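What follows is a pair of complexes built around chain A, which joins chain B in one and chain C in the other.
So, the complex of A and B:
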């Protein structure tokens, strides 16, 4: 066993040196995650924010002025004023504005006479999701304004029910707060599956694996020497992402670090197992990279619930998500970050991850032989 | 353990067969090979590409599952106890198995650990290896930055961190310059003498096979011959001749002789043509070739290569090289390669390629240092040099891919500084790695290159038909080119380079790693092209390719060391005790003379 340990340390040292010298390995492990984090942290958000709004006021007066001020007061809109609907339409068609609010010339008169006045709202529906949100915001603003107006005049509230929504687990309703935790799953998929598959394929390409196979090193030692360094690299990526998420983006973390570490380790083992399995099939880096992206990275992105809600997917796709390891991890991450240690969520997901890690690592071990055929 | 009376062979193969591919389309790699290698000997494994050499070595190393037969390594059954056999053998795969982003020292230490060399023993073993390979000054260098020869020595050193009892080497010297090749063999000889090592080495260099105690010749998976090299060479004893003719050029003569019945092999050797006749066939007569011709025929001692070619050509299954039609070489039927008129005898025309004081600098590094040469029309000119001598840089400048720092360079009458594009249209270029699209079929590759050279349809179709016919590729037109055997790939690459009927053909290491049969066929075509007036420029570090050239320039460190025809270069190193120097001897002598400052 002492001899085995010596061989293993030799292989581990080699792997560590290669990781340190190869800029592409460090780039995939740390630079790519940091870039993703910045893109998702700053750039991509599913909340409409500063939506360009065209405001058409055909006959400006104090009433319209008060409503436009209300619109400007929210963080959701930036407004641009037009005097005719035609000029606003042109801006709309040119995609300079995403929505139009249209006060007809008789707006104030009809509001006064019947207590309600038609307000024209046109929303760009190309992005259906955003369109619905804009529509919701506008209606909310409209209702608020009416309520405020009634209170000012000492009248009873215009709406019979006063909605007071309370949102649990993400009180700020910031999409960033649930996207960024999910990124940890993406980062670990990159190091665990993509990077591992690539480096082993590289050893096939350069003939180094063929040379190693004829040495005393056993296949278990060769696999272990790949698992350990990339496991550490993946955990490093997780810690880096966590630190950036909490400190740079102010994403709350309600769970315990111990649970996060444990579940991450399980997921990483599953990802590494997939990486090893891919490398036993694909013996050149190009093919290994393609397979890894298609069977691990893209599913982790699309089918894990990271961006798209699994519950609203059609059932065949929903069924498919069950074989995506990232799905269980993303669910755990979101609960750990936003809600805390909810054991009814964590336990079943962790169990699923453990099963997947066992299956993939076992399959990789069974497929690996000290032979070329 | 070896106290037994009967010396057991270090390696025993018993009826070993191996197939690749599916059950529906099995491809036989080895068919019933039985052989053995005595302990403490060097056995050479030779044969054309695809003969099964690598498969055999991998089976011995336990890297492939033994499908049928039995292999014993030092008495251990490889199929039954692969780890036991593996622990006692060393194997260097074709690509050396080095980690290029690790230093020389780190590579050695990795293998020392993986092979469980105890640290105390490693100190002594490591310095011994350093001494043997001359790698000591480079311990801290990344192995990816070593030259080909050094990589190969490091690869060998890594295999030898623990002295194996049986050493397997798979084409250890492919792409390695002659000096490094000699050094490697010196190491192997030393190990066999001092350590009693048994070596099985596959090679495509026949001079290396000649150094072995025993030679196994594989052909299409069968063991065709297993003898010692002198016996092997003696098989053509009395059937090897040197021929020259008055009134007929050597290339024309070679082409004629190659088609004469009873002649198995005809190659150009300096100013002579060397032939091997079939068993019982008389030497060719002048009258059979052309009326009024006088042939000077002298019998010469047989060479190893003579027997190699003769054996393969007479072996039951006809090889692929022998199947293809001989290219039409005679001057009057030069094929559709346009330039039908033979080069005029009076060669006082402008050289087709002219380099004068050509220099290229990369920063402080002088890659090409004021070299000059001129190549006439229809001439085959060789740039001979080891890796890093400046061949590739010169070549890139000639192709107009890299501007010269200073000096004059004219190709086909165009100054490359001003009219690189016009010059390029007259150049055909065949790169070392063949630059084919591996995923495209043969036909698609031809179509692509035809359109890349802007051929329009009647002409384009004619050229593609010509290529399929001339290079016997018709049967493989739909085959994916990646899967073609090396010889076919090479033919396809040449066909693509000739699509636009260039006046000048550039060949970069054209037959590196290709077996003697394929190499012969390739040069038969090149000779025919030169006969028809195409000017050919070859870079090579392969001495046998140099023999095919009319004239050569020997490069080292960016300078021309010597130039002239092969015979005169060889004559320079002729001495009383070395009356028949080879091209390699001449080359090494030139390099050694250059390394000694101002020996002259």
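So, the complex of A and C:
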């Protein structure tokens, strides 16, 4: 046993030195995560603000003026005035404005006589998500304007329903607050699966793994010595991301660190298992890199609920997301950061992660034999 | 000279296409990405799980609930009987939205007071939350307008008449799928070109190439043109898939689209050759390609609008070839634009291509000896 422990420390030392000396390993472990975090933290937001609106008022008067003032009063819009729809159309086609609000010349007359005066809204539908959000903002502004108008005249409220929306967990609806926690899953996928797959595939390519096999070290020791340093690197990436998320980007963290550490460790074990498995299947850096990107990195991005809602995907793809480890991790992360230790979310997801870690590590262990083929 | 370059091109193509593994890399991953992106990368919502807490057991509130359940967007997965059930359902992410109808709902409706309805949304995914609120809002507005019409109340003074131009049903696929043309063309071209020199360096055949009578310009051409060929084929296949499989309308001119793609692929080849000549091993080349690809996709407007980014980053995106090609691809597909609409984009892409190819030539010379 003592001898085994000695061998293990020796192997661990070798792996650690190898990581520290290889600039590309350090780049994947530290540069890439830092870059991702900064790009996502600063560059990616789904919340439109200061949307450029073209306001066409064919016949300005007090009514159109009060509506335009309402538009300007919200943080969502910046307005540019036009007197004809043609000139607004040109700005729209040149992408200078994202939507047009069009008061036709008979707007106030119809409003005063029969009501239900149509207010024309044209949104650029190319970016469907943004278009939908802009529509929502405009609808809200319209409802507020109606309510204000009837209040001023002492009439019953504009619409018969008093809507009270409440957004739990993220009342300011900042998309950054849900994107940045998900990034931990991406960063740990990079170190756990991509880096491990690449580095071990390189050892296969160079034959250094075969050199290890002729030593007295057992396959269990060799695998363990490979796993431990990358496990530590991955956990380091998690801590760094957490610190940056909370201190730099001001994302709230309502959960407990203990739970976060536990769930992260489970996810990392699953990712390491996948990395090991990929490298032993591919045994070639180029192919290992490709497979790792396709089966770990891209799914962590697209199929995990990190950006896109899983429930809305077509059923074959929804089924597929169940074998994506990042899916369970992202769900837990979003809850831990924004809601707290919610056991009804944590327990089933942690269980799924534990099963996946067991399966992938087991498969990697089974495939790794001391043999040369 | 052209004969020599042609021979090099044939050699490069053979090197890429003869190896079954690298052939697979050109065909399988783009196909998987096309399907996954095309179907999974959508912001449209459907079957959102909701729960209704109807404390007002009368016809009007049941009508309102029916409107929610009749919509394609929502499905009811739980019925709430007491207020205590709300929090656990939302916390466990069993439902994304709780519609809570106040006991005074019908009474207030009939007495012309604003009838209270509460919408409680899970904000952990804030984009989904906003879209859910938008849908719920329009359902309730429609219900309100209907009620006013049916009960002789005067119509509200003004109504919104909303139209979405270029994409009337606001289908996200029309936005994402044309973007995939740009993304996949970049990925494939960058991998082919970026790894070609590094692979030869690793194998030691690069030195052999240098002692042949080829000039450096010819070697560069021989390395770059296969990328143009492969990138062009890849782009065409995805364009066909976008039009015939995903049914995205291609309304503008093909000439404008292909001129843009040509300049874009040239720029990507320049960048790929730069990476290739800087990298010593394939792993470094792969990493370099990855380090370039991630920010170029994230900061291109592919999934999240550039207009939402901070001003400094918005300025930076001008350097990103992907930003320009996305404008061209979406413009030709959805807006039906022609060549004249994209002059600034063409110029930017041509400048990037010229600069990166020159830089690659210079690095090449520096690194060759």
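The rule is short, and it goes like this: the second predicted complex is superposed on the first by the 370 of 373 C-alpha atoms of A that agree within 3 Å, B and C clash if a C-alpha of one lies under 4 Å from a C-alpha of the other, contacts with A are read in each partner's own complex, and residues count from 1 in each chain.
Just so it is clear, contacts are C-beta pairs under 8 Å (C-beta built on N, C-alpha and C of every residue); 3 or more make two chains touch, one makes a residue touch a chain.
Fair warning: this is a prediction, and the values are worked out from it, not measured in the lab.
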Side-by-side fit of chain B and chain C on chain A, or clash: clash
Partner chain in contact with A:311 - chain B first, chain C second, else both or neither: second
Which superposed partner A:229 touches (first chain B, second chain C, both, neither): neither
Which of chain B and chain C A:41 touches, first, second, both or neither: neither
Which superposed partner A:217 touches (first chain B, second chain C, both, neither): first
Touching partner for A:207 - first (chain B), second (chain C), both, neither: first
Chain B versus chain C as contact partner of A:192, first or second or both or neither: neither
A:14 touches, of chain B and chain C: first, second, both or neither? first
Chain touching more of chain A, residue-wise (chain B, chain C): C
Segment of chain B that clashes with chain C, given the candidates 131-139, 167-175 or 437-445: 437-445
In the complex, chain A residues that touch chain C: 24, 27-28, 31-32, 35-36, 39-40, 42-49, 51-52, 67, 92-93, 95, 98, 107, 111, 114-133, 135-136, 138-140, 142-143, 145-146, 149, 156-171, 173-175, 177-178, 198, 202, 284-287, 289-290, 293-294, 298-299, 302-303, 305, 307-309, 311-314, 317, 331, 334-335, 338-339, 342, 344-345
Chain C - residues contacting chain A, complex: 21-22, 25, 29, 32-33, 36-37, 39-49, 88, 90-93, 96, 108-109, 112-131, 133-134, 136-138, 140-141, 143-145, 147-148, 153-168, 170-172, 174-175, 195, 282-284, 286-287, 290-291, 294-295, 298-299, 303-305, 307-310, 313, 327, 330, 334-335
Partner chain A, residues of chain B touching it in the complex: 58, 61-65, 82, 86-87, 89-102, 106, 109-116, 155, 158-159
Complex contact set, residues of chain A against chain B: 3, 6-7, 9-11, 13-14, 17-18, 21-22, 206-208, 210-217, 370-373
